[in-house]
Every structure is written in structure tokens, then in C-alpha cells.
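Shared between the two complexes below is chain A, which pairs with chain B and chain C, respectively.
Take a look at the complex of A and B:
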């Protein structure tokens, strides 16, 4: 078979090629763009209608003007540029596609190419493909009589004559293809009675690119793209992917944080100042503002925490940019802390998180200081009764609170109280280690931690656990839940945006759940981030100043008991016994919303197999198998007492 | 078809395994070339062309690998150490240098060496303790590759440091190393204890500041 490579002299194929390539690029891009468009739509809908909580509007109200300007400047610009550039690419792509389609349809070659080379002897002879030899012969004879050059009428034009002759040639070829052995073989093998035809392979490049002068350019382009450009971009991509850790931290930052933890001496007290000092060594800050030492960033962060002016407007903006980076950095640092299993530093890191988000220094009074309008001097001056928690604050009536916090204006006081009442607190109701489908934790089983909490406001009266019926605090026992205990957590609503007016980026609160062994106070696993929790209880009315005591009219079903289910990273130990653990649930945004509890995992032997079998017998059989069961239980002494219990229950039933 | 012919010519040349030979006969390639084949031009290619090609390829690869290795070494050298300070080692080296020019009591040198050995032991223990955790973090992608490299390098450095201290001990007083190692270990533990003991006062200050504590003159908490 002859091979013949044709360049695209008449520009027939390369538009197809180009069209394919374009579609491959433009279609996914457009789909992505559309999805981004719709998801951002639904996001803004969510936050504007359903989730625009009181708190976030208050947060906006109390945002300092400089911070608001900063947020408007950086957030808006970032998204819109991205959107428009991509949309422009999409648009250009689709225009090019439209042009190509138009060009292809105008040249009108798409249909004519496919049928040209086909040769079907049956069709030419006008018979079905199952025709017998005799039918073939008779059909051929009939047609050849009609088209034979000798039999043609004399008055035909030259063109018609050649068409007739051509038809006759076709007919005889078709006849031969069906009768002559050699020709038939050719037809079967190559699809044509004359044997192999020349095949032409088109290369979708216009010939002007291959001409002697241009071919050099093409070769250079080819080499450049595969030897220089492609490796360059792959290297870029690879370096960038190596530059940041999985948590989005610059590797140098991660390394410095790790260094801090390695060089940390246990004799030091871990304070927020120390964490801020470590934080200031982050590479991200140096990328933002090259040429500055960590001390500069540390001062900026400390200025931010203490509400001091950093000097110039430029430095104040730099400060906000640094602060806006901090939540990623602190999450990264928390990850490193958990990697080194250091609980003390992890807790201090989360305290620093709150300080940075709220823009207040760490102190005993931080819970009060996170509220708006609080006059710190007046608060410290007229300190009565050592108030430092919101719960304590709400034991006083509103006017007294105004006096304590030094707020004179009634509207401002209302805002302050609204914020104080809307900060979600967690009240522990119950905490268990649960193995799905088991009554208790058995050796080497995989339990999870189920913590029942009541989300409440500091204003609410504390509701004792025994006010809730047991079924509200029990884990569901249905099959769906046992299959995946954590699925129901995903159905909870996302936490609303926090009250964090000084933080330049909108924040959503989250609770980080740390798990540590009591034995060595070491963190056991990576922190679990709780981002979804229903805050429905916050709107309930149970003001501790008006409701003196929970009366008989208290209805626990008005309250929603939230479940925090944490997967446990490892199996229960092999040995029977108690393992003491400490669970620390710390909010990232609010002071006072934390929970710190100890839990004991009581590992017990599973029920013995014999015992289980006895159960089955006891359930299934009334009298017949009794002797058998007795015979078995005789083998082991310890089992006897259990069979006794079984029969007892049977008797009761 | 002029543009085609040069490519077909090349194609032929490789099939016929002759680089600068002539190949008028068109059937030694794929056989069934038609008409156009007769017009094939021959392009003389020097014998040195493939050699040049190979040389350029190999040389560029060698240059690249050398450059890469050097860059890698420089990066490794530029990286800060896992541990912040090397006071013990520097102190010993300074004293040893001094002893060459002026009279230094032997016991001072020995004490400095013991201090150095104790520090090496502390680091060995620390790295051994942190090893699995750092490896886990590296595998889970919490820390980057360079920190992992640094950690592995540091483990070797600390080992070498301890071996070096023992050699120095042998040089100072033959037969000492056996006792030296156990002594270093004891000193290391003692230092850890004394660090904790001496930090109590500092901790107190930090805690007073952190928690706004009011103390009486005798150091008890004000009620």
C-alpha cells in the first residue's frame, strides 16, 4: 500500500484540528466559569437572606473605617480581576470557535469526503447481498445490455456517452468482484476490486509552514516548546507545589514553626506573646513586605492587638495585611503543634487565634474586652466582684452592666448586650466513647467520641443535664447512623460569620477539637475542625435574671441538643482497662466559648461467644433445646451464672 | 512537492543506514514508492553530525547535573540548623584555641568538653524523641521536604559531634572515653533538672504578669 503524506494545501483539515483543540480548552473553562458564577450567586444569597445574622451586621457597624476600606480594597479587586480575565478568555475562545465553524461549513467538504471511495458491487448491480450466482449473472446481463458501448443509442451527447461508459466499467468490475476469485479476494481484502488503493494521510498543517524557509522556524518552535517552555512550566508548577504545605503554609514558615517547637524548652511558660513572636517569623510576611526583620512584624502584630497606632498610614495598612494572613498561619502552626503533639502550645496557639481575630490582648478580661463599646479604664476602675466572664456579667441587670462597662449611651449598651448574648457557649451534657453497634468499648475496636452539648447564650440560665430526657442524649441506633456516624454532622448549618470588627477579613467561627492523653498530656491526633453547628438555641428565652428557677413548665424539647462526633485516629488498646483522655474544644473566634473536659475510655472484654449463643437459644427455643444448652454451659463454670440470668429474664417475659 | 522531498530524503537515509551514501534505488526503503521518488534529492550529511549531536546532548546533561548538584548543596548549606545555638561546641573550640597560645588549666578544657558531650547527648535524645513525629508530619505534608532533609542531616551531624567529643577525650587523656560517655549522660540529666529548677523564678514572673496576680510581701496570693 502506498503511503503518501499530504500537507494541507487547500486548508481543508487544519480548521478541524484547530476546532478540536480549541473545544478541548474552552469547554472545561466555560463550565468552570459557569459553576463559579452559580456557586458565588448561591453563596451571596445564603449570606444575604438567611444567614445575615444580627452579629455580622453589628460586626460591620463597629468595623473601624480603616479596616473597612482595607477590606473593600483587597477583597473586591481580587475576585473581579480573576473573573473578568477568565471570562475574556472564554469569550475569545468561543468567537474563534464560531469563526472556525463558519469557515468549515462554508467550504462544505464535510459530507462529500466520506462516501467517495466506497465500492459496493451489489448496489451497482442492483441486487440484494444474498443474491445467488444466477441472479448476479442475470442482473449483470440485463445491465450490460443497457450500458454496453456498442449498444448505446447514436444521438447521445459526448458527456452522457462517457457517463454511460463509466457506468459500464463499474458494472463489469462489480460482476467480476462477485464471480472472479482473484478479484473477489482483492475486494474482500482492500475493499476495491483493483487491489490496494493509495491512501492519503493529511497533516493538519498549512503547507506554507513546511516550506523550506518556514520549516526552520517550525523546527525551532518545536524544539523551544518541548525543550524550553514545557520543562520551564512543569518546573514552575512543581516548585510552587513544593513551596506550600498541604495546609497552605509556605514551607519556610512551616520549617521555622517546627524549629521554634524543637527549640522550645519545657521550662518556658507558653504565652500569647511567645506565639506572636513565633508567628512574626513567617515567610509570608517577608514576601508581602521584603526587607523587614521579624521584629518589625512582631511590633505590628502587637500594635494591632493593643489597638496602638503603628506610625504612618502605610504601616497601618501593612499591619492589616499581616493580620489578614494570620488565620492561615495560625491554623498551620496548630497543625505543627499537633504534629509535635504539644497540647500546651496548641492551646496557646488557639488563644492567640482569638486575640488576633478579636484584636484584643490576652488577659483575664478578654471575654469582656471582645465586646464593643467597652471602656477599659472605667471597667478596671469600678471593678466589682471580680467579673471576667460573660456569664457573670449577665447576673446583673442591664443598667448595672452599663455602669460596670462604662457605657452611658442606651443604644450602644443595647449593641453591647446583643453581642454578649449572641456569642455561642457550649454546655457539656454528656460525653461517651461509642463503638457503632456495641454497648461498650471492646479491645481493638474503633470507637468515636460522641459529645452532647447544649449551645447556649451566656444570658441563659444553666440547664442541668437531668432536665433532658435520656433519649435526647442517646446516640441514634438506626442503621444509617451506624454506617457513618459523622454524616449527620454534615447536615448541620454552617456557622454564621462572626462578630470580629477589627479583623480585616470576614470570619466564620469554628471549634477546634483537640484530643490528648492524660498520661503524658500529649496530643493524640490531628485536630478536628467543627464548622457546622445549629445555633437555634440562641434565640430561646431563658434569661437568668428573669427566670429565677427552672419550673415545671420547662420543656426540654424546645432546646436542641447538639452532637459533636469526633473520629478517633486509632483503635482502642488491646488490654482491658481505663484510658484517660482530655478533650479540648476551643473556639477560634470568641473568648469564653470553650470546653475542656476529661473522658475515660473504659475498655472491657466483649461478651463471650458462648454467652451470645446461649442468648440465641434462649430466644429461639422454649423447651426442646434446654438440655443441650445446659450441657454446654456445664463445660465452663463461669457461664453458668449468665445462663441463670437468661432464664430469669425469660421467666419475667 | 519540492517541500516533501527533503523529508523523504531524510527518511530514506535512516532506513538505508547510510548517512552520507547515495541511495538512488528507491526500493530499499518501503518498496512501493511511486513516480515522485525519482526526484529525491540527496543531502550530504557529515559523519560528524550524529557525533556532534551526542556530544552536545551529553555535555549539556552533565553541565546541568553539576549545576543542579551545586545549587542543591548551596541550598542545604544556606539552611539554618535545626537547633538555634551551638554554645557548648563553640565554647570548647575557643578554649582549645586559647590553650594553644596560652596556659589553660587542663580541668577547664575537660569541663568544656564534658559540657559539649552532654549537649550532644541532649540533642541525640531530642532528635530520637522527635524523629517519628517529624517523619509523620513530613509524610502528611505538614512540613516541607527541606525540613525533612535538614532533620536527617542534623541527625548525622549530632552523631558526628558526639563521636568527635569522644575522640577529643581520648586525645586529652587516653582511656577516658568509657567514663566520659556515662559522665556526659549524667551531666545532661542534671542540666535538665537544674534548668527546670532555675526557671521557677522566671515562670513566676511570667505567671504574675499573665494572670494579673496580686502578691503579698511574703509571696502568698492576696485574697
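Take a look at the complex of A and C:
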């Protein structure tokens, strides 16, 4: 083994070194870029598919021009994968690789290198590698007759003579390598009949970098990369990963939200305005627009909600950027609320979510105000009945609705009605706590919540639960379902893009499911986010104005009963009895699409099978003792409140 | 952080520049509340002449509050609802203002809960549902979770036409007191109204 390191004096090997380094960087980058390209393609395919509801096109139609400009500006940035800096880097990298490959092949280094150390006795003797000993011998004899120094013709030049002599040495070596035991072992072990060959270890740097002056620069670069550059990048990465929570919330924002909840006085009335006030303290806004106080952001958000002009075009754009950020902030706020187990504020947060998405202030008739073309003044003036809900609105015929909402243009009215009819409402059919494989909830079992809902339009006549046969409302009993009751939820289609023209980013609705104990109205677990639900029922015809009563011809199988299955973060209590829970299912995007229900978990003793067990396991008296001992120790634990929150449960996954 | 102490009034206050800074940081409100609490407690203790006092409710004040409250009840008997409400409200305010924070809290709480319930009933009778609702919330926050509180809250919400909230309140009441017939009847009424409100009948 050579102990001295050679530098690449003849500039032969550094292109190889550089090629490897380049490929290491460029190849993964290219793959990433390609993946980004294809995934963005499939995204655009998704949104352009026929599945997309008419709501999204209406949403686009009613988007204010300023918001549309804003969205176009920021979306363009996101989607041009082909023209990004990364692609440029990829291109440069590949050009450099091409240049290096060309240089290497032109200099012919690779050929000479591969041929240098190779020794193939069969090739030298001109025989195939499967030749027998006799063939080897005869080939050697033939060649040695030709190349033996004694048999060489006299008229050869000196150079030709030495070449012939060298060839003879090679031939003899090849012969020995194949016949002599010791030499053959050398050949097999080291690849050469003379034993181990010298190998040179070097540093693949071109010689010009090793010259006295350049070497100093190199050393400085070397030290800098370890002392400055590497720690800098590690620190950057560490800071960034520490700066944001798992939900994408800035840690300072999370801390401020938490402090808001800590300092929240129960005497304070929880309103959307209060949540907006809290939101305005987010660090994200300050990062976007440094030098502004929370009050500035609060005013921007309030201006947006009330459809006021914020002053200048610049401020209107700032307002849209803040609004777009609210999605993450509100989800973060919800998480914090659930951490503090405060249901009231969590509900207000989700109300704020709707307000922000629709760009409408919270009011009693927000359901109506979220529709396009509604003339608020005319609506409030001409109010005869107490119309605050879409369901109530659809008890009137279309012309009357036009008058109520102050819409004169027939096309506009059609759009308004289309939006109103396409907003999905949830009608509760049945809600149960289910333990897979059990008929009812037993102490310390692990139930999940199964809620059967009918997704319907506000225009549809209400279908009473008893119209549906029991099997449509029952949980499936097959083994696959019992193994993972939540798997079938994943098969539902993703909810389509929402009608949210004022929100600067295309949105998809989601239902956040909160679970609280009725005893103290405290949240039990992290919110469950429902993003997949079939909206097939929305196209069914059951207009409550034309269908006065559900007749005998009503076919429940035309309707799809949706299941919302929610994992429960903890076991059923040990004591037998009823536990009342409140389930709040709130849409993030639409007013009026919510569900609020009380569920009772009736914990009962499992059926008694003790006698049967005694017969079968008569010998296992040890087991019986164990279970008794367990029972006693559990009794001590049972003093614990059932309300202990299980923060480990990640219901969102 | 510096505070100003007024030797005459024995009160703490924020210096001007602190007010500005706190306003900018959005923490002025919290600071002011803290200072107010400290000042109130200090004033209560400074005003106490007996150095070895035990925190019993002040008899004189109890008497005042009680007499005010009883005059309200007397007016209630004469069917003078508005006057009765006025007097009871005054009694509640008196209790809130004149009681010292260190006086036995359990007694104070009972007193205020008792008066509040009468006040709520009177508010409901005189049609001041929003006031009543606010007081019920207060009562619930003091840990009062009895069926009649739920009945009153659901009723107030129903009168305020907040049917959804009324249903939520009623359901909670029913899950805590499943056999309360009044709540059941109320629930029925709320459901009917809610269906009408949502155009579902």
C-alpha cells in the first residue's frame, strides 16, 4: 500500500472526481423536478375533470377582479415548474456533465486506465478461457517458437527486437499463470502473475490548485466550508424546523394564541371579532409586513369581512395576503383551543373560519349573505318572515326569492339559486358508539363514533330517518371493516372546490368534528378533519316546493347514506352507566352546513359467560386469580376522571 | 418596569411612557386589570381598622345588601316587577362593589347566586331576555348547573329566537337531568321552532 499521496499532476483524474460530485447533486435534483412536473400535471387534471362542481365555476365568475389578479399572480409563481431556478440549475448541471464526459472520452484516459493493470493470460495466448491444458500447451509452444529470442530473425531493428522480447516474457508469464501452481495462485489472488501490483493513491485535484499560492486559497476554502458554511446551513435548518409547529404555525403565533386563551376571562363574550382580534397578533403577518402593529392587521381583516376599501391598492393586496394566511392560522388556533379544551372558543374559531372564507361578517342571516348577488339593503328592508336560513328561503318560489333577495336579473337569480342549492347540508340519521365485534359498549372497550348522515341540499324535502331501511343505517359487519373501520372513509371522493369567491385562494370545504363531554363542555380530543364525502345526493330531485309529501314511490336506495366515523381518543369508562358527549361537526367554508348533536355512550357489562369459561378452563385457576387481582388494582385507578385528555391521539391522521 | 405610587391615595398607577409602550404591545388592558385588582385589595386592607381581623363578611354591608334585596322581594309581592328588578339589581351591584375581596368567598358566592336567580326570573318576566341570558351565563360560570338554570337559559334563547343555541342548551340539560319533564317539553317546542326556522316542515 502506497503511503504517499500523489496529486493529479497530469490532470487525468479530476474530471472523474468532478463528474461524480456533479452527478450526486444533479441526479436527485432532476428527479425531484420531474416529480414536481408530473404531480402538478395531475393536479391540473384533477381540477379540470368533470367531477368539479359548477360551484367552482360560479366561484370564479363572482371573484372580484382584484382578488382574481392576486390569485393569478401567486398561482403563476407556484405552477411554473419548468421555468424555475431549480430547472436552470439542473440544466447547467447536465451541460457540465456533458462537457466532462466529452473531455474524458477525448483525452482517452479511460481507455488507458482500464487497460493498464489488466492481465489476461488467455488473451495473450490467443485461446478461449475454457481451453484445456493441452490447448494451452500447444498455443504456448506455437507462440514461443515465434517469439523466442533465439528464434528471432537477424534483420530486425533494436526496437522491434525488444518488443518481441517483451511479448515473449508476457507469453511465458501467461503460460506460467495457467500451469505453475504458485504463479497461478498469484494470478487468481492479485490479478497478476507477479503478485500484488503497486497502486497509487492520490487526490483528484488539478495540479494548478496545489501550487504554493493557490494552495493557501484551497486551505482557506476548506476550513471555511467546515467552520462557517456547514454550521450555517445546519443552523438554518434547525431554526426553520424549530420555528414552525407541526401544523405550520409560527411558534411565536402559537405562544400568543395560547396566552390569549390563558388570559381569556370567562365573563368575556366569545365573538368572531374577538377571534379576529386574536388572529391579528400572529407573527406570520409581521413577517409578511414588518413594522406594522396588530391593530393594522385587525383593521385589514375587519375591512375584508365588511367589504370595505382599505385605502390604497397596496393595502388591499396586503389584506388579501393576510386573508390567505388565515387558513393555517385558524387551524392552528383550533388546535390550541382543543389543547385548552375550550369548546366555546373552538366553535367561535370555526365561525370565524366561515366568515373569513366567505368574506362576510358574522350575523344571524350569514347563510343568506354568503350567496352571490344578494342586495343586503333590499333583503333587510323587505323582510316579512324570519328568513335566515337557506332551508327557509327555499320554501318560497323562485320569483319570490328574487324579490326577497333584491335580485331582478333572471340570470343572476339563477346563479344565486344554484349556489344556494349546491351548498351541502348534513342531516343526522343515526349516531352510535360502536365497538367492533361487540353489540354494545362494554367497560374499558375502545369504541369509535359512527354517525350516519344524509348529505342534502337546502332545497330538498327532509327525509325522515324511518324512510330508510335499517340495513342502510347499520354498520357493516364484515371482517375487513372491523379490522379498520376508517378505511372506507378514505374511499370517498375528495370534497370539490368551494364557492368562496372572495377568498384569494381556491378552497376545499372540510368538516371539523369536535367532541366534548356534556358534563363540563370540555373538548376531549384533537379535532377530526373530514375532507372526503360523497356529494352524489346533491343532484337528486326532491324539491320541497314541488314534492309536498314523500309518497309510497319514494326509493331510499336512490340516496346515499354517508358515514362519518371518528376515532375516540380514549377507552370507555370502567364504570357502567351513561356518558353524554356533544359532537359538533362544523364546515370550514359554508354557513348552515353544520351539525350539533348529543350522543350517549351507554356502557353496559359484557354478557356473563363466567360459568361457560369455568367449564372449559377448569384447570386455569391461576388465570382467575390474576384477573381478580387486576380488577382490584383497576378499582384504585378508577378514581381518575374520565375527562383526562389523551393528547397523543392524532385523530387527523 | 416602573410603577408610580401615590402616597395620598395609596394607589399604584402606570407612568405615561409605560402606558404608551403597553398600548403598542397590546397588553395595556391586562396591566390595567392587574393594577386595579392590586389597588382594590390594598384599599380594602388599608381601610380595615382592626389589625387582627378575620375575613368574615361585614355585617353592616350584609345588612344593607339584604335590606335592598328584601325591598325588591316586597315589591315583587305587590306585582311591581320593574321596581323589584331594579332593587334586586342594585342589591347585586352593591354586593359586587362593597364586599371586600378577602371576605369569606363561600358566603359571598351563595349570596350572589341566590340574588342572581331572583334577578334572572324577574328579567325573564319583564321580557329582558338578553340581560337574563347574560346573568344565566354568569350563574353557570359560578358552577351552578341545576336543571332550572338550563330551563331558564333554553327559554331565554327560545324567546330570543336563537333556536340552534337553545337546542344545544336543552340537550345538555337533558343529558345531565334526563328525567326533567319541563326540559323535555321545552325541547319539543324548540325542535318545532327549529324545523320552522330551517323551512323543514
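As a convention for this text, the second predicted complex is superposed on the first by the 504 of 653 C-alpha atoms of A that agree within 3 Å, B and C clash if a C-alpha of one lies under 4 Å from a C-alpha of the other, contacts with A are read in each partner's own complex, and residues count from 1 in each chain.
We take it that a residue touches a chain if its C-beta (ideal position, glycine included) is under 8 Å from a C-beta of that chain, and two chains touch if they have at least 3 such contacts.
This one's a predicted model, so the numbers in the text were calculated from it and none came from an experiment.
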item	value
Simultaneous placement of chain C and chain B on chain A, clash or fit	clash
If touched residues of chain A are counted for chain B and for chain C, the larger one	B
Touching partner for A:271 - first (chain B), second (chain C), both, neither	first
Touching partner for A:340 - first (chain B), second (chain C), both, neither	first
Which superposed partner A:211 touches (first chain B, second chain C, both, neither)	first
First (chain B), second (chain C), both or neither touched by A:246	first
Contacts of A:466 with chain B and chain C, given as first, second, both or neither	neither
Partner chain(s) touched by A:553 [first = chain B, second = chain C, both, neither]	neither
Which of chain B and chain C A:181 touches, first, second, both or neither	neither
First, second, both or neither for A:255, with chain B first and chain C second	first
Chain B versus chain C as contact partner of A:363, first or second or both or neither	first
Where chain C runs into chain B (options 41-49, 59-67, 77-85 or 149-157)	41-49
Residues of chain A at both interfaces, chain B in one complex, chain C in the other	263, 266-267
Of all residues in chain C, those that touch chain A in their complex	24, 26, 30, 138, 141, 161, 164, 167-168, 171-172, 174-176, 178, 195, 197-201
Residues on chain A engaged by chain B in the complex (per definition of touch)	1-3, 5, 7, 198, 207, 210-212, 215, 242-243, 245-247, 251-252, 254-255, 258-259, 262-263, 265-269, 271, 335-336, 339-341, 362-364, 526
Residues on chain B engaged by chain A in the complex (per definition of touch)	2-4, 6, 30, 32-34, 80, 82-84, 126, 130, 133-134, 136-137, 140-147, 150, 195-196, 198-199, 202-203, 206-207, 210-212
Of all residues in chain A, those that touch chain C in their complex	263, 266-267, 281, 293-295, 386, 388-389, 391-395, 458, 462, 518-519, 521, 544, 578, 580, 582, 596-598, 600
